[in-house]
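Below, each structure is written out as structure tokens.
Consider the two complexes below, in which chain A is the common component and chain B and chain C are the respective partners.
For the complex of A and B:
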């Protein structure tokens, strides 16, 4: 049961990852791309959690946790750059 | 453990510690640093005192600790007669100079800096003379060059001081390198770097075929330091230093370091024709040239500088004779020269201080203004001239005797006493000039100040030195004889030969030479006007500085030329050189190997998810390059690469690397965005088709090469060293996270080095960016004005909420780092990111107001914690940074393990946080100051 669910989840998350990347490449605007990168980070979290379930190891959750806490910092910095150019003022 | 088992290193290291103290206390009171320096010197003397009796009993005290046995380096010290004499000179004259400098320095000069430099120099000199290990001796020797550079350039606002210091450093530093090479060769010949072994192996060294290179290299070190011809010219330029520095460096210490080395290696290297020829000709030429030029100096200190050169030549010449009696005379003259020259420099300083000039054409007739000083100066100068009943007379007599002995060697050797006599005549003449021109000879000419006697305590050091001159000159047997005896015994490493210190030996050749010199000197001085005119018209134009600058200039141009071939100031160009070199080297290495490209190891199965993720990474890498002209988009692509790389690390069971990569990724994005603000938003198009083709070819080749290499490595079964660490992490380091145990325990010293580099980089960035202003764009790449909302409310609120959460994760990752993925480095990065987000979202002003501690302190505390952990282990008798661990039982938490390495890891954590935040925030402030400039500009435009 879990194996089947994992298989489906893996496929969907991988698809989401690919789609986010396509959006990142296509744009067309910078905000689109920034959001695409942010989504990629979230996809990565999902992938790590799934891998943790699949391999039965909690070490994967560490990396997921770290992405969850720090992944948004890049997005904040990029957005601040668009807003003011100067990200630390 | 008695005092005699560790007191010598204490004597040497005390001044270095004291230097910090002296600099520190000067914050509170100017005079406190002078007192601190005095107390430190007295303490050093007190530590030396218990051991001072040993050389008199014929014993040599050696205190040794193992340091890096693999390269023959021990931390070891030696006290014999020669070392004792020099240590006493350094400390005693140092003490007098400190007292003198306290009155000499004006209120504008920073006392703390002066005494800190002086103490560091004193420590370096003590290290040179008290070292048993030769490599350690060279280290201290280099330290004397560096600290004397600081002392000479003490008045750093003066160009002549800076140039003089630079010249001294260039010459003595180059000599230090030669000395290092010589010492390495000598150690190779002897098979040990310890002086005890080297001194016992004299015959072997002299018979070795490496003898000549050893001799020449060591002598280059000696001659540069002791200002021997042709390296003599740096010394007069070093006179731009404050006079107490000159009095110290050029009487008893810096220049005597070279002489000390001659004496130290006398039993090993002397006694061959090569030694005699090189040493005595350098000494003789220096003696004559120095004495001649000294007479024509109008600057008081210039006269003393050249006279110092001349006297150093005299001592070198004596060592060059290579006989035991000549060594006695040389050691004796070292003592005498130190006393009378120090006092003369101090007098010159007093005169400079009280009249405002050092030009002897203007300072005349000072006797009536400062009779006390005048009497002191006259006695000291008479000692310099070699007048009977003064110490200079005794050693000069011995010197003349030795030249006469040497003249009987061959037919041409009569030239030695003849030239020496000429030098002696000039020596008397310049001494006379020092007395007559300054204190008599009419009235002062147009002085900036009305001269009067200096403060009483400024004269006391001179009083003491002059009393020594007299005491040694009149009753040598009761004053200098015992010290001279042990110093000679220490030099020769044997019992001294028979010699007499009597004042009267009857009428003999040396006495006649003395009388001739005194009379001739008086004659030359009376004819000085005509001589000056002739000198100015002919010889005065020669200046060794011109040659020095020409050599230095062409060296500079050569270095710049070579550099410019490889580095045209373009990053692309530099990258091409690096990559092409790597390619060529890799290709050459590949050619000779017949083994198959790929190993036999089976490939791992590939799953669909990994394939898709890796495809994303490859596409993103490609897009980064393709879109490189639009820099922001390229940076976003780079973000994808970083993310996927960390996923790959997770997949291949390297969680530590994954966590590090994730944190570094975030910091990198912030850093690049900070920089991008000041850079053009797009890269100009490269039009040169040939160059594009070349670059593509190089990058494809390099990429393919790395891929093939990686495949080659990955498909082979290797037995890496990791097994050792996996086995020993728990028993040896008390942690199950091997990566962290390696970082903080097995390779702890490496990590310590790395965090020092990180700390320096952070501080360096801070120093370079502080106060810098760059023009910042006021519109974005599409030409729109920036938003006026600096810190949107949503962003502020959310990041503030996340702050404690991030810190908690940092603490968590830190604490469990020893056993599970994590540790100080990753935790430091997470904490740094947590802080930086606050700067991003809330602004520098808001965050700085709430974050009260200074990042400099964080870095400093981190380094201190890491080093202290290592030192505690040393203090308990284990090697540096040995870690220990134990298990504790805590209620609720249960049993857990505590390693001392956690203190070290805390240091790593603090340095990472401090350096990262310091440098990024400083970059952020860069734009802050630019904004202010921008706003000001706008305001003025509106008006």
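For the complex of A and C:
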């Protein structure tokens, strides 16, 4: 039961990763690309948590937490750069 | 019983993650696209993380709460990053599709 649910969830999240990657490549403007990158790392967190459930190991949470923190800092830095033309003032 | 709840949470979470990314892929305009992932994806990841909390709590017989850290962090930061991206898009005067309105004081 759980294995089947994990298989379905893996395919759905991988499709979500693929769609946001297409938007990252295609996205007509820079804010679209920032948003696609943001979505890409949130989907990567979901995929890592699913991998942790699949292998029954709690080793993957540290990686997911690191991706969450660094991805947020990256998104804020990109947006600040667009707003001000500079990251630190 | 636990396995049913876990499977339901996992599939619901993956479904909402996919809905967020479909919104990102299909909607015609940046301000509409911003709506999809920042709401649906946090819900999806939240459901998957809840499943993970339940699984590891019952597997090791003590409460495992460090997944909640990721949930709390995502729920705090998603509105902040969405706000900053919207501000940046307004600042560089991104072009809009017909139905997206001008902000009142801009």
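Quick note on the criterion: the second predicted complex is superposed on the first by the 89 of 89 C-alpha atoms of A that agree within 3 Å, B and C clash if a C-alpha of one lies under 4 Å from a C-alpha of the other, contacts with A are read in each partner's own complex, and residues count from 1 in each chain.
In this section, contacts are C-beta pairs under 8 Å (C-beta built on N, C-alpha and C of every residue); 3 or more make two chains touch, one makes a residue touch a chain.
This is a predicted model, so every value here is computed, not measured.
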{"item": "First (chain B), second (chain C), both or neither touched by A:12", "value": "second"}
{"item": "Partner chain in contact with A:61 - chain B first, chain C second, else both or neither", "value": "second"}
{"item": "Touching partner for A:35 - first (chain B), second (chain C), both, neither", "value": "second"}
{"item": "Which of chain B and chain C A:80 touches, first, second, both or neither", "value": "both"}
{"item": "Which of chain B and chain C A:69 touches, first, second, both or neither", "value": "both"}
{"item": "Contacts of A:25 with chain B and chain C, given as first, second, both or neither", "value": "first"}
{"item": "Touching partner for A:49 - first (chain B), second (chain C), both, neither", "value": "second"}
{"item": "Chain B versus chain C as contact partner of A:1, first or second or both or neither", "value": "second"}
{"item": "Shared chain A surface residues [contacts with chain B and with chain C]", "value": "10, 17, 30, 34, 65, 69, 76, 78-80, 82-83"}
{"item": "Sites on chain A touched by chain B in the complex", "value": "10-11, 14, 17-18, 21, 24-25, 27, 30, 33-34, 37, 40-41, 44, 47-48, 51, 59-60, 62-63, 65-67, 69-71, 73-74, 76-89"}
{"item": "Residues of chain A defined as touching chain C within the complex", "value": "1-2, 4-6, 8-10, 12-13, 15-17, 19-20, 22-23, 29-32, 34-36, 38-39, 42-43, 45-46, 49-50, 52-53, 56, 58, 61, 64-65, 68-69, 72, 75-76, 78-80, 82-83"}
{"item": "Residue ranges of chain B in contact with chain A within the complex", "value": "608-609, 612-613, 616, 619-620, 623, 632-633, 636-637, 639-640, 643, 646-647, 650-651, 655, 658-659, 662-663, 665-666, 669-670, 673-674, 676-677, 776-777, 780, 786-787, 789-790, 792, 795, 799, 802, 805-806, 809, 820-822, 830, 833, 836-837, 839-841, 843-844, 920-921, 923-925, 927-928, 931"}
{"item": "Interface residues, chain C side, partner chain A - complex", "value": "3-4, 6-8, 10-11, 13-15, 17-18, 20-22, 24-25, 30, 33-34, 37-38, 41-42, 44-45, 48-49, 51-52, 55-56, 59, 64, 66-67, 69-70, 73-74, 77-78, 80-81, 84-85, 87-89, 91-92, 94"}
